[in-house]
């Protein structure tokens, strides 16, 4: 047996198993997707390899699908599957346009976990006045957690964590070249933040960010929901 | 003016300003503590330098104090200050005995933010059966978030995140020598986790971990509390 | 003279010379293979370059061959060559599906050294209960040494070394991206293990892992065999 | 001959030679200081070693002196030496209190080059509203260049460079621990800035920052001065 | 909304917004360029991706354009746009032929900011006599700032900063292989300079270098110009 | 509870728990030692801190002890404890004199596991003829595994692994300064070995090396022993 | 002017200017080659880019040429050019077959400087007995300097430097993968050598190695020659 | 046996064995020194630990000694020992005053090998005119090899190698702080040199540099000497 997708994860963790496509063959991806569809009614594949995309689409042509091109992320739903809606609220901010693929990867996962995701893209750090208004509107929606996606200097998550009364997860992206490029400076700057309450995931790890945010928001929502 | 402690942070963020003692002179620590006591009724000092401790104790001899030796962390309360209790619940696990100072730093902050902290120390990763029972009892307390503090291989947070239905924050410590020592392998292994929903803070950053956990737990608690 | 394959290695070491194909021209690979076939009756080529494969197959079309695609590893046998069987027993565990090519490289070498290899793939670290059963069955076979192949967080070898009464060799793989990616975190975490008795080889070095395991198992087997 | 202080530098460069005390013996410092006093009427010593301070003070007891304790920087003036005033204007911002020694090192050099230095300390990045007012007042003084001194996340220089119409020089300091600590994250984040027009010097290099700022401001001042 | 080009930057900073093409799709580049043309009358695109070039040329075929091939940098002017001329003077020296693309990137930006740029290429450091004459002629033009572009050992900026009475900005390039290659040694050597008054930008960051030089030169020029 | 020494490890693993003294307080060391003495009849402490030594000696004054000064390693035996002798045979080679502390740490552990350890110290790599004779005599003892301890260039393990028919474990030490110093080059060179069958442990990890060697030798010895 | 090849280098240094092809356009290579042919009668081009080779061959079709394919190194001679023969003697040893391209690059340069180069390839370090004979024969030729080219563990230069009475230059190659791969471990191990009298050049720098060896050998040869 | 000093090295290599004091106990140093004095009539100890110095002086009080304080290097001569004089000529240049200890370490070794060493200290790179005259006078002495010792930017060796017709060995020193500090930038810049014919040794490795220079100069001198 080559693959053992973890169908029990969703029940155990409240977070879905995700197939990491990048280092797998088409055969392995298909086998794992089939396993998850059988076990949970849904298969999520991140970083779908270019050479596997068509085959996967073909094999599951009868299934409902969701595919986000920038992030090469795909969700396949077994017939009759209905995505739950938890009431969790995730805010999602990207520093630049180039950070969108990672941001979308996170958004999709959080949405698959039942959260509502509010996106604000390309607010930058090099013109702070451009950030104030979008952030205010986000906080007015009473979100439960904010994901801030940024490459290059990685300064934006620190700035936002200094201003927000909810937990912030920094998501460095591999945007940037030269010393500290490919997300290294961004990650290190977030780890060194002087703002309180900023936790991080690895460079380009939209999946991990989305799951963490989803788990936080869902825990709040669970309490919130059970209130009424 | 040399120091401007951020008295408004608590109101803005729901998390207290913390004075980072390590790179400050006794004079600077005293001035900042006085500023915070005046502004918020409480001063928290992390990594108190050995040479400043006596002087700080003396100057604030009339105030109520809390001092944790392993982490060199101090809290000073202005007369009449009452720490709030939010109902937030934080689980705290350390891999080894040497990780306790960082774990305590995190615990103190979360407690200052009003949370209840349940500690489990030295469960290790090299004898997994030793971990199962304590983890079960922790989850039965229905905690809102788990902090896992580990040095050396940093494997424990991944193991726990794979088993827990609440968000997990990994806190690497600078325990370990040789290649990947001083917490580097621990941090990298956590960043590379194949478990879902593990976010991290920097090596030895108990303060940041405690604030993040406190903010998550307090957001849940706020909803929980407003329920009744 | 451009190449001097070490035909005496097998006699001297009990371990075969292996041609590292990756940085060689087709001409060099052919010359070395011919040298080894003449000297020892067998030629083993690791990381066969894509552009050399067809030519090598063609030139040795009359010979018996074994080719493992995922690892691009090939063994060519001279007519009449019989692989010995030593009775050595090697256990082989992979954390994920993407680690299989490196695991197979190690397995093939150990098999060429006469050992029996028991494979368990994709047991993960993010659902420990999934590991317990396979490990138990492996230990019941009374194996002599365990190879644990893992990328990303590299936590699995530490977990297994904590539970096993036989020597464990950790084999990090270049699976993983971002900070600590390409196997760096996996290797460092294994080097920093707090489990006793875990030695490692370099990232993706299935050949070295297989030879080490083969030498350990064969030394035990030699004693075992000479018993009766 | 062991030391050859570069007395001609001031004439050649418009910037003074500075004796780097840290790795020198007291004898070498004295010899170089004497050489510079003879050649230019002034000796500047950075990072005065603790064990040399008293001796240097004693030997030059008859001379006018300026000593800044936090930065361990000393200037000795030969009798009759008058520091010129160029009209150059340097703005100096520090992120935290711990960055002040490096900031003062830069300030002293710029002042020795004849500039007026306006200092703003501890404005932080974790409460941006606290930055706006001081920055505005600085820009109203029509300064020629801004030095921004920051450790940890190093985010402040990017924020300020995004808002200022004059050149900004980022000065990372060795404040911060863990991964990216000792100024590494700060430097890398500044190098990766997405704000336009931010150049940097090395970690803790207040001397280099001060000279660069002094040269920029003096070139502007020279033109300005020759105007009337 | 995916992109928000910062049209206000030019007014705020005196430096233009530059679209970083490398990590953008053709659609994003077109949208941002259109936004900037509408807002400021000019769009500057650095590191134009090979696959976007033709499309961008086509869409803006009616506009005046400037395209520098080595650096893949493009400027598009709206009808009626006139580039201002400020009187700022920038000197530009490259160590080798391979550094020219980065040097040209810097030159174009400074020119777009209204400066006059004097170029001297391939002067090397391995034959210092070859440097003296060009440097002298540069200084005789009374330039306001010098950019020195160098890869490999990165020694040239230190040598030039030691000889020049104007501010020097070092621009490391990713030329060089082996340990310290891809510009790492060049950047580190510049950061470690023992010459006074050398600030740096990141490896290959011609855009940042050009903007910094342009801001310095324009501040001098502004004073100079307002003189008469 | 602060410490939970793993008394079951010896039974589970055939290798003893070892208290890592370096980062522990005297109180913690005493508590853990008492726990292990009660549970297994023996306590092993590595890297005993200078400030704890006297106290530990005093508290356990009634117990039999073994203390190796160079490695600061101590073994305490409960009354009546008898160390088993397994018949396992470990060869131990050090490259230099400075590597002896780490070598002795490994030797002590292997001896505590019941093995016979044959030591050869300071054979160097810079005079290979000096190595041949000792290695031959070692192999004539029919040892089961060889530990090679080396700092600086780390070349010796590769040389020995190329000549030996038994498994070799490389143990890098933190001897050496400059680039690749503190054992980094030694470890990397061992990881990159072109000799077959060399596995490694982390820099200075004599404990891990000793346990690995002990487990290999004991597995062979177990078979050997049960033969007769 | 884009390129200024240093025609005077040969006269000044006794070593030829070499055009580094890798980062140059075909036009730049042609222009520099023409400059050198005019100035010195010979043009040496290292790392000729694949896409430039045919054009260069065509343009200089009338000239005598020498092209070594593995290293992509080319020498073009102007009509009537005669290569001098100095009597310098260089020994050249490679550890593996994959190191030959770098070795040949060094050999060609030393030959162009007039030296006689004796090559011994693929002697390895994993079977030391295979090294002794070739080394002896090399020393019997009374060579002036030895170049040892090695990737992976980089152990061979240390071994040879320990046995040879002439200066040894280590040349690491980018052979090897995983941690310390691409020549990093090889270079670091050589820098950390415990053998006396081993100097190094950068990874894959055959040109630098060849020139250094050529300069040493030629200085000896000059004295030797002028003897009679 | 703990130590085996290599008394045969001098005969084998023409270079003396040197005891590396830094990581040895006083007992080990004394034993090795006695061994070498007995074997070769001379013992050389580098980096003598402060705590061993007095004891060593006392034990060998009857012997002739040479002790250089800055480098903590000692030579002890047995009665009747006469240092040979070979006629080899070594030039030695240091960039700064702080580089002198490493330079003196190299000088002493070369002198012990019989060479004449001409020293030029603190010529800097930040004022090139200050270098020309000393270099010219050095070359006029017709030296056989130049050692250039430099920390910080490490630019000086490249500059000198570009101007000198004899081999140059770069010796980086651990002078410098911040990114690339402790000699890292200096070493990398030398490895990346664009000057021809520069080989290097590790950071602070005066011993290795001195031996290499001594071996080169002595080989030339041997030929020179045998001329007449």
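Lettered A, B, C, D, E, F, G and H in written order, each chain numbered from 1.
In this section, a contact is a pair of C-beta atoms (placed from the backbone, for glycine too) under 8 Å apart; a residue touches a chain by one contact, two chains touch by 3 or more.
What you see is a predicted model, and the numbers here were worked out from it, not measured in a lab.
Ranking D-E and E-G by contacting C-beta pairs places D-E first. For the pair chain B and chain F, the distance between C-alpha centroids works out to 36 Å. Averaged C-alpha coordinates put the centre of chain D at 51 Å from the centre of chain F. Computed from the mean C-alpha positions, the centre of chain A lies at a distance of 26 Å from the centre of chain B. Among the residues of chain C, those in touch with two or more other chains are 9, 12, 124, 126-127, 162-163, 178-181, 184, 187, 191-193, 196, 202, 205. Looking at which chains touch one another, you get A-B, A-C, A-D, A-E, B-C, B-D, B-F, C-F, C-G, D-E, D-H, E-G, E-H, F-G, F-H, G-H.
Residues 97-98, 100, 121-124, 126-127, 130, 175, 177-181 of chain F are the ones that touch chain H when the two sit in their complex. Within the complex, the chain F residues that touch chain G are 95-96, 124-128, 152-155, 158-159, 161-163, 176, 178-181, 184-196.
Residue ranges on chain D touching chain H, taken from their complex, read 1-4, 6, 8-9, 12, 20, 22-24, 28, 32, 172, 174, 183-184, 187, 202-205. Partner chain A is touched in their complex by these residues of chain B: 9, 12-18, 144-145, 162-167, 169, 187, 191-193, 196-202, 205, 207-209, 211-212, 214-216, 219-220, 223-224, 226-227.
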